[in-house]
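Below, each structure is written out as structure tokens.
Both of the next two complexes hold chain A, though its partner changes from chain B to chain C.
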Partner chain A sequence: MTNRTILVDYLTRVEGESALDLRISDGRVTSARLNVFEPPRFFEALLRGRGYAETPDIVARICGICPIAYQMSAVHAIENAFGVTVEGQLRALRRLIYCGEWIESHALHVVMLHAPDYLGFPDAIQMAREHGDLVRSALALKKTGNELMRVLGGREIHPVNVKAGGFYRPPTRAELAPVAENLARARETAVRLVRWVATFPFPQFERDYEFVALRHPGEYPFNEGRLVSNRGIDIDISDYETHFEERHVAHSTALHSSIKQRGAYLVGPLARYALNFDRLPESVQGLAREAGLGPVCRNPFQSIIVRSLELVYACEEALRLIGAYEPPAIAAVPVVPRAGTGFGCTEAPRGICWHRYQFDATGTISSVRIVPPTSQNQPSIEADLAAAATSVLDQPDEVIRHHCEQTIRNYDPCISCSTHFLKLSVHRT
Partner chain B sequence: MSERRRPRLAVWKFASCDGCQLSLLDCEDEFLTLADAVQIANFPEATSTVEDGPYDLSLVEGSITTAHDAERIRKVRRQSKHLVTIGACATAGGIQALRNFADVNDFIAAVYASPQYIRTLATSSPISAHVPVDFELHGCPINKAQLIEVISAFLAGRKPAIAAHSVCIDCKRNGTVCVMVQGTPCLGPVTHAGCGAICPSYRRGCYGCYGPMEGPNTAALAREWRALGAAPRDLQRAFRSFYAAAEAFSAESEAHDE
Partner chain C sequence: MVGLGNPDRGDDGIGALVARELAGKVPADVAVIARRGDLLSLIEDWAGFDAIVCIDAAAALGLPGRIHRIDLSSAALPRDLAFTSSHALGLAEAIELARSLQLAPRRIIVYAVEGGSFGRGASLTPAVAAALGVVVERVIAEVARLR
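On to the complex of A and B.
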């Protein structure tokens, strides 16, 4: 009987601290675990007793890469609890700042973290020696996303301008004009990226995921919609806990999300794309076809194409929103706290980010639950790992190891986000 | 054949949101130049090439919240000629230091179904509580221009040119009308500069995410806040956030216990 154990002590090119533990016995994968040893920071505990007004600033700190996702889910939940609706240009500005986050986050992942896997480089710095023009253009694309965050939010990381009801100060048209110029160039770069990544060598690998994403009557989803899946889920976001659960499983202290009585599901670009292909403009659909994708993509290694398509979409949507922008009459809809529970769910770059807050009459938080995208994907990541490792079992350990690392990076996992993650046992070679 | 010896840079992560090390990748215009000027020997978020120490400069993000990390930072220190902390977590314990004012077991039970699985320290502490630190760069998140300045200074063997005055000075320089005189409570008068005085330029009060300036008069500012109608609870929350464990802010927050 031959036993092989493949360990990766510290996964690179992912945000946060995690490790891989793969066990193979008699030519069969017996266990595939993504162990996460990111220390917990207890956001759901430290938010108790805090005021609604400071909540967007605090939850931003869950993740430096997708602070807008946390701020957006939080403000929607607060407004839901207090019976406030934000519409018109304030709503449009929220979509616009979310475009900025998708652009900076997706560009970072596609070019700096993920593309090197397909071309055999250890990082984008080495990759730049052969693909300098593309890496530099992609950095400019990423910078444009950050510029959008900075103009609308004050800064790229932990923006200061988002509040319940709207913004502290909406941008002027003059502030947005130079961003639009850069966005037009950024869109061209994103199109080049789609065509470039479509030429990468992709393993023949598909899994039959249950995709879960928001779906909105008229838009590719950022902030609003119903929660839907390709196997019949179609619910209001407030019903999330009726259909989904998190379990504190024995082999890891990561809380694993699953659909009750059904199991693993997938959130993020592949899910959004599969469930909302018809909401993409013809320009993006055409690019998808050109890149060889149908309206559903079940190969997680091709998520890099879908992310690139979403980059094109985010640039186009941002340009459309800026073109139609009229400064709103008020910076924010007045918000008056009242006792109650509110729900928020928005599409972070990595998938749905679900929040529930309970407030007292003064708007002080009494309980919170936050479900980040990466913890929802953890069971799918582990299932992918087992399947991906099985497909290369006859290869040397080093090949299996690299293939597994790439499998994890397909998810752009954001470990820092996942307040629920913690490693139980540390295996060190 | 002999490549010039480039200084060896390492980036380390402890309990944090990743935002401060992301600031390095957010230096879109400078990143490839930097990667040429230094040898990036350990930066797992950016590269799979991980080289052993010693390192000329270690940038440390995040606070110490586990016994394992308390040991790991000592190892990082031993391998590093210079060690610079980047951001509020590494420099003061970060938002996760709110546990220092509560019972950590209660915090664990609030988040995890099986508290017995969780190993964590009762407090979140800054790097300087564990090892000597050569320079502390403030901010939640840090300012990327200041980060480039700090890296350049250490590589050149000089002191970083980072101002220690309050946010107020930067508002005056920017020509931003004081929000406090318009009735909005602001932590700018006691907060370390560095962000560029962003919040007042967005018509809101500073919320102190760069921590206390040198010698802040927090009590005087608290009186001004009270005059503007702030309740003790508002003051406690304001001083107990991203720099909750910094001494000046933690003392002022305790002065408003109800």
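On to the complex of A and C.
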């Protein structure tokens, strides 16, 4: 009996701290585990007793790369609980700031974290020596996303301008004008990226995922919609807990999510794309076809193409929103707290980020539940690992290791977000 | 002149404090900036400069307040010394990337001050606070040499 164990003690080019543990026995993969050892964050506990007004600023700190996702899910949940609706230009500004986040997050991942895998480079620094022009353009693209977040959010990291009801200070048209100029260039770079990544060598690898994403009657989803899947789920976001559950697993400080009675599912760009292709503008659909994709993509290695397409979409959508922008009459809709429960679910770059808050009559939080996208993807990541490793079992360990690392990076995992605990038990033996 | 680090993390604030002390003490054609967190954006800032002096805290190596001068034209910055995050770029990676993209200045000098403690919300430890004035003077002299 031959046993092989492939361990990667510390995964690089993923956000956060995790490790890979793969066990092979007699030519079969017996175990594929993404061990997450990022310390648990306890945000759901520390939010108890905090007020609704400070919640957006607290949850922004769950993630340095996707603070807007947490802020948007939080403010929508607060407004849902208190019976507030945000429409018009304030609603548009929320989509606009989300465009900024998708741009900076996707640009970083596509070029700096993921592309090196396909081209055989150990990191982006080595890759930059041969593809300097493209890396420089991608850095400028990322910078434009950050600029958009700064103009709307007040600063790039942990924005300060978002509140329940709207914003503390909406931007002027003059503030947005230079951003629009940069976005036009950014869009060209994004189109170049789509065409570049489409030429990468892709393993022939597909799995029949259950995709889960928001779906909206009129737009590619950011902040609003129903929760749908390609296997029949079609629910209001408030019904999330009747269909989805989280559980602890021994090897991970990140919780694992599953669909009740069914199991693993997938959120993020591939899911959004599969469930909302018809909501993309023709310009993006055409680029997808040019890149060799149909309306659904089941090859996780081609997620890099889908992220690049979403980069084009975010640039186009941002330009459209800025073009139509008129400063709103008020910075924020008035918010009056009341006792109740509110739900928010928005599409972070990595997938749906679902929040539930219970408030007392003064708007103080009595309980919270936050489900980040990467913890929802954990079981799919591990299932992909087992399948991907199986496909290269006859190769040397080094090849298997690299293939598995690339498989994990397909998900652009945000490990720091995915570690949250409901209960903590310590067993010493 | 770039002061790196997080002023809310004890001795990690040395870089920002040096930047603040340097204001008005260096010629007008010397840019003085403070940066924290991800250094990717720094690469854009560097293009067009002839030289850079970085001031950053270093992990404790035995003597808090000890000042290390590293001239990157003759020595490399140890990757581990500047490791800040698995996702964001540390100083060593940022410099290497800038060099790969031909965006790095000719001369890069790093002043790394050994920290004693990086507590949340803490101010500088006494040994590092005592080194602040010395670092400022050495950077002023460095800038004069580089010009």
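In the analysis below, the second predicted complex is superposed on the first by the 414 of 429 C-alpha atoms of A that agree within 3 Å, B and C clash if a C-alpha of one lies under 4 Å from a C-alpha of the other, contacts with A are read in each partner's own complex, and residues count from 1 in each chain.
Assume a contact is a pair of C-beta atoms (placed from the backbone, for glycine too) under 8 Å apart; a residue touches a chain by one contact, two chains touch by 3 or more.
In this text, all values refer to a predicted model and were calculated from it rather than measured experimentally.
Upon superposition of the two complexes on chain A, a steric clash is found between chain B and chain C.
Looking at the shared chain after the overlay, A:229 reaches neither chain B nor chain C.
By the document's definition of touching, of the two partners only chain B reaches A:154; chain C does not. In the superposition on chain A, A:276 makes contact with neither chain B nor chain C. When the two structures are aligned on the shared chain, A:169 is found in touch with chain B, with no touch to chain C. Contact with neither chain B nor chain C is seen for A:346 once the two complexes are overlaid on the shared chain.
In the superposed pair of complexes, A:48 makes contact with chain B only, with no contact to chain C.
In the superposition on chain A, A:380 makes contact with neither chain B nor chain C. Taking chain A as the reference chain, the count of touched residues is higher for B when chain B and chain C are set side by side. When the shared chain is aligned, no partner comes close enough to touch A:302: not chain B, not chain C. On chain A, the patch touched by chain B and the patch touched by chain C overlap at residues 10-12, 14-17, 64-65, 108, 112-113, 124-126, 128, 135-136, 139-140, 142-143, 146, 157. Taken together, the chain A residues at the contact with chain C in this complex read 10-12, 14-17, 64-65, 108, 112-113, 124-126, 128-129, 132, 135-136, 139-140, 142-143, 146, 157. Of all the residues in chain C, the ones that touch chain A in their complex are 37-38, 40-41, 43-44, 86-88, 93, 96-97, 100-103. Every residue of chain A that touches chain B in the complex is listed here, in rising order: 10-17, 37-42, 44-46, 48, 50-51, 54, 57-58, 61-65, 67, 104, 108, 112-113, 116, 122-126, 128, 135-136, 139-140, 142-143, 146, 154-158, 160-161, 163, 167-169, 247-248, 253, 255, 331, 405, 414, 416, 419-420, 422, 424, 426.
Per the touch definition, chain B reaches chain A in the complex via residues 13-20, 22-23, 25-26, 28-29, 31-32, 35, 40, 44-50, 65-66, 68-69, 94-96, 98-99, 102, 106-108, 110-114, 117-118, 120, 124, 140-141, 195, 198-199, 201-204, 207, 209, 234, 237, 241-242.
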